[in-house]
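Each of the two complexes below includes chain A, the first together with chain B, the second together with chain C.
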Partner chain A sequence: MTDLIRFQDVTRSYRGQAVLTGLSFSVRQGEIYALLGRNGAGKTTAFRILLGELLPHSGRAELLGESSENLSAKTRSRVGLVTEGHPVYPFMSIGDLVEFEAGTQSTFDRAYAVAALSRLHLPQAASLRALSRGQRSLVVLIMALATRPKVLLMDDPAMGLDAAMRREFLDAMIELLGEQGRSVLYSSHILGDVERVADRVGILHGGALVADMELDQLKRRISRRFVKTARPAAEWQASVPGLLRVQLERGGARLVLFDDGSRGEAIERALRALDPALPPADGLSLEEAFLELTAGPVVLGAASGVNP
Partner chain B sequence: MFLRIQPSSSDPLFEQIVFGVKRAVASGELAAGERLDSVRDLAKQLAINPNTVAKAYAELESQGVIVRRQGAGCFVAERSSPLSDRERNKRLSQLVERLVIEAFHLDFSPPEIRAAVLARLDLHASDQGTSP
Partner chain C sequence: MRALIRKEWAQARVNVILVLAALVALWFLVFEDTDLLWPPGWSDDETMNFAALLALFAGLQLGFAQFASESLWKTRQLLTHRATGAQGAFRAKCLVGLTGATVFAFGPPLIWSLVQRWNSPWQHDGMWSRVLDFALVSTIAWSAWSYAALCSQLRHGMGLRCLATFTAGAGLFGVAALGSMALLHAPAWCDWLFPVASALMALVVAWCAGRAFCAGVDPDIPLRNRAGIALASGLLLVAGPPLMLVGRAASSFAAGELRDSFAVLAILPEGEVLRADFDRDGFVVRRDADGREHEDARLRDRESKHPRGWRQGVLTAFAPYWLDWGWPEPDQKMRMVARGRAFAFGGAWTPVAPWRRIDINNASIARGEYFEHRTGRYHVFLSEEGRPRHVQWATNASAQCVRVWNVADRTHDVLVDLERLTMLRRVEVDGRFSMVEAHLPEGDRLLGVERLVTSAWAKVGYRAPFSYENAGVLRGERGLYVPSGDGFAPYVMEEGATSVPTSVADDMQRYSVSYAEYDALDPTLEVVEIASGKQLFLGSVARPGIGQTATHALAYLACFCAPPPSLLLSYSRATPWANRSAWDMHALLGGKRPWLLALGLGFAAWLAWNVHKEARLWRRSPGLAIFWTAAVLVLGLPAWVLFRWCEPKPAAQPQATAKAGRRVESMA
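Presenting the complex of A and B:
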């Protein structure tokens, strides 16, 4: 499969403060990729670099096979955008906006836009100024989807949406994905929604990804285990790879472990050396996994708290 | 078709769908020959990624639970496992072994385990007896 989006070792700092220290990942055709991170982790910076609004200090970003530093008009026309900075002209009505978009975007599907607006109870006569933030996000999403984009980029689109609007938003996104071969890169803090739709998840922490894998894999590779051992943690802690957290309890310790894909067997071996009758692992929800992987102070350039 | 899923569970969503369909077939809620919702419809209904539903259907097809008819959709297969008798016996004994071991670690005695299995089988039989 082809990669429609690619980040290769991208670095960027603001006023001497490193934001991205080596961001690498790609989004394949037909894939929904969720980029997660705490506030200030650098998600918006990554989006801006991908769109060519900001240049990386090193490394490279690509969109539909073109370098982000000089995207052609054709490539831009095949990308749907739902971002905070998306211009919505407050003096227009929704209907004006539809006409405007239809006039400027050759691939704009007016029938789709009109039907979607009416399904979501967004009257064409309504002034954009009068809309709530959530309604405005929905209008922007519909405009983006109506161009039938090859790639949809959404930076925290759920911000300001109530539960019912979020569901509408998800439904619209799912409908788009019913069409073959479209890719989505989006960031969100609503992890319950991400669990419904993401194929792959990247967790941005400390300027780079601390996890980049299929959602199903992530939930299994980060696990909770209980080891029965009388030995003090200080003796064995350093010998267990991927250890995120240790909590001592009577008769043993409760551990949170992360297998980045390379150390599953090493983890198993280290734990069995401590407790030959090791019980099976418990998986985590995405929210639990996210909290474990982004806990603690941000150490730039290193996955904080994870043993090598 | 009525499936319930738990997106926050660490069990992959596609496996939850696979098991949900298998359970619906086993209980008689879905009859042989009945048509399943299309990938798009089920994805919409559950508000999940269509890729996930497609993956679940492919898995159900490879396990012989459903059959895909070109252009017509997916249907519940007539009940017959595509596996050899030997393979079926092997898998059944693995499942039973797992059950016995896990139940042992929950501190149940052999008579208690046997009673629980028989009760479940009775329940299953009555489910099948009462559904259309």
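Presenting the complex of A and C:
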């Protein structure tokens, strides 16, 4: 499948503070990719680089095969955009916005927009200023989808929405996305949302991806194990591959381990060397996995799908 | 594109309508008591400047608001991320913005004049072509809009963008004021140069702004060489002079403060020269044999504490800084004439508000007479039997005309054409007016006009202009004359006259006052009795103290803000402000203080070196680096400030990645 979005070893910093330190990933056609990260992890910076608003200090970002630094008007018209906070012109009504979009986006599908607005009970006469945040987010989403984009970029679209609004937004998004097959790059730090929509997940931490895999795979590959050992952790922790965290407990240690797909057997061997009667692994939820991967410094192998 | 234009108009229309209403209101408020349509107007320079200032402000704020609102609403991405692209978005903004600026330029004068047209009792006499002059000078709004658009693209916070816009506005106003002043005295067709120049400037600057807008907001994206240099040149041209004036203003302020603090010199009737002090209780300070200074009670006016010295016959007191006003200087009788200003030719004048229905029977508004140098026309405004009347003649006079009147009764004006050496006089016979040629008595030939100067300082050679700037007498081959009745009478100097013609003042001079050693901060003066050649005074008039030291420090500091060529020029100038220059650095005038010159030049060189280093470090093109280095070498600190405005420090390269390591936590 073709990569519609591609980051290649992108670095970027602000005022000497590194934000992206080698971001590399790609989004394939028809894929919904969730870019996860804590606040300030660099998600918005990655989006802005992708849209050509910021330059990478090194590396390259591509959108629909074009370098982000020189996006053509044609490419821009094939990319839908839903940005953080859903900025709109407060002096416009929904109808004005539809006209504006129709007049400035060659691929804008007015009939689709009008139908979607009507389905979500958003009257065209309503002023954008008077809409609630949730309603505004829906309007922006509809406008982005009505351009029939090949790629949809959504930078934290549910940020600032309360639980009910978020659910409404997500339902609408799933419903609207379901009608059309397109690639989506979706950034968020709300994991429940991601679990509902994403095919693949990238976790951004320390300026680069610490995980880049399918959602189910991620949940499977992060595990919690308890080993009974009296030896001090300093002696053996270096010998356990994919070790994220060691929690010392009475009579042993609870380990959080990450298998990038290539080191499952090595992990098993190392743990059995410590505790021959090794109990079975506990699974982690996405939220727990996210927290383990982003809670602090990590050591990961350079195998496929994972950045060191 | 149409959708973008519609959106821009929807965004800007409230601004345009409200500001237009405010401008019109200001026109009516400010010109409530002034009739702009009566030629040539009392203060054309000021009215032109006012019209330009309003339009300029309106254009600036519209441009700034159009771009700032995108930042405020965070809609820049929404606007540019579409098929029309950033270029389309900018074009739409440009189109709407410049249209709005045109409305600001033409709207207020047009509305104002239309109201006049309907309401003024003088509507038949108004010079409606003058409305066009105001509208043309108001086209500065185009350039203002473009500059605001340009400053809005600076990769800095809103505060600095505001400051840059304000500075550019101040610079543009300077350009507009100079331009309008020049046009006022130029042939009428030159009026069209102003809007053409403004439009060209607006287009060039808008092109730069467009390039910057399309390049985005990332400080790491430098503009390409040509666009970067164009942007920098535009800003240097307009925002540079106001920044440069900061140093000049500090220097002038310091020099002014010092001049005010200098002691006054008083020449006693017996020829002794004393240093005097207006600020102190005892007026005159006398130095005794052992060098100590004390008050001289003889000259103190105990009742009023005003210096008795100003009374003629007691002593002649003068402030040394008068020398800086061009004293001593040869006859200045022609000086005021050369300005070519329009002026009132005579008659009573009371401002009227022609847009109101006024009582034109009121005699106090009845009369105004003008000579309009630009067209050579002479106008008389009258109210006769309740009806306004305007009479005008084409005089065929040159622009070098001056009015001479009888100072004693302030009547009997004649219009003297100094270029052709002819005279015209208005005569009224049975309510009918005409302009007739006038001649000096007994066939004497007119040589020119001598200015009247104050006689009080004639002794020391100071030609202080008499109260009215055009006060003068006519010089013929056989003597001096003043207008009198329907003709001319020989000038007779009365005893105790407060004003004398310049040639008479020349004969009255007894002392020569000059700088023995010129230093703007601490001058040494010399007073010599001309007849005997005796030196009556030689010394400094500065008064040392903390205040003076602080003022010196300010004058020194100003040298650091000055462009290096102006430092060199100031240092090389041997004479003070006889021909005042905007580039004078007072601390260096007259070749004083080489250490300060070296420091000032060294500072500029250091700035230039820094700019070159930073420009290369920040990956700016070599052309841009050379441009900015040269600009700082020529213009000094102001150019460095503009460099930092135009070329912000980019984000630093990434640091090393986060340290890797396992987390080991102990059970609580």
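Here is the rule we use: the second predicted complex is superposed on the first by the 286 of 308 C-alpha atoms of A that agree within 3 Å, B and C clash if a C-alpha of one lies under 4 Å from a C-alpha of the other, contacts with A are read in each partner's own complex, and residues count from 1 in each chain.
Assume a residue touches a chain if its C-beta (ideal position, glycine included) is under 8 Å from a C-beta of that chain, and two chains touch if they have at least 3 such contacts.
The structure presented is a predicted model; accordingly, all values stated were derived computationally and were not measured.
After overlaying the two complexes on the shared chain, residue contacts for A:228 are found with neither chain B nor chain C.
By the touch criterion stated above, A:174 is placed in contact with chain B alone, chain C being left untouched. With both complexes superposed, C is the one of chain B and chain C in contact with more chain A residues. Contacts of A:244 after superposition on the shared chain: chain C is touched, whereas chain B is not. By the touch criterion defined above, A:287 reaches chain B but does not reach chain C.
Shared-chain residue A:12: touches chain C; no touch with chain B. Residue contacts after overlaying the shared chain place A:195 against chain B, while chain C stays out of touching range. Touch criterion not met for A:60: it reaches neither chain B nor chain C. Once chain A of one complex is fitted onto chain A of the other, the partner contacts of A:76 are limited to chain C, with no touch recorded for chain B.
Residues 2-4, 6-7, 10-11, 73-75, 77-78, 81-85, 88, 216-218, 220-221, 651-667 of chain C touch chain A in their complex. By the touch criterion given at the top, residues 7-14, 39-40, 43-44, 46-52 of chain B touch chain A in their complex. Residues 11-22, 51-55, 57, 73-74, 76-77, 79, 81, 83, 85, 87-92, 96, 99-107, 206-208, 233-234, 237, 243-250, 295-299 of chain A are the ones that touch chain C when the two sit in their complex. Within the complex formed with chain B, the chain A residues making contact are 30-32, 167, 170-171, 174-175, 177-178, 192, 195-199, 216, 219-220, 282-287.
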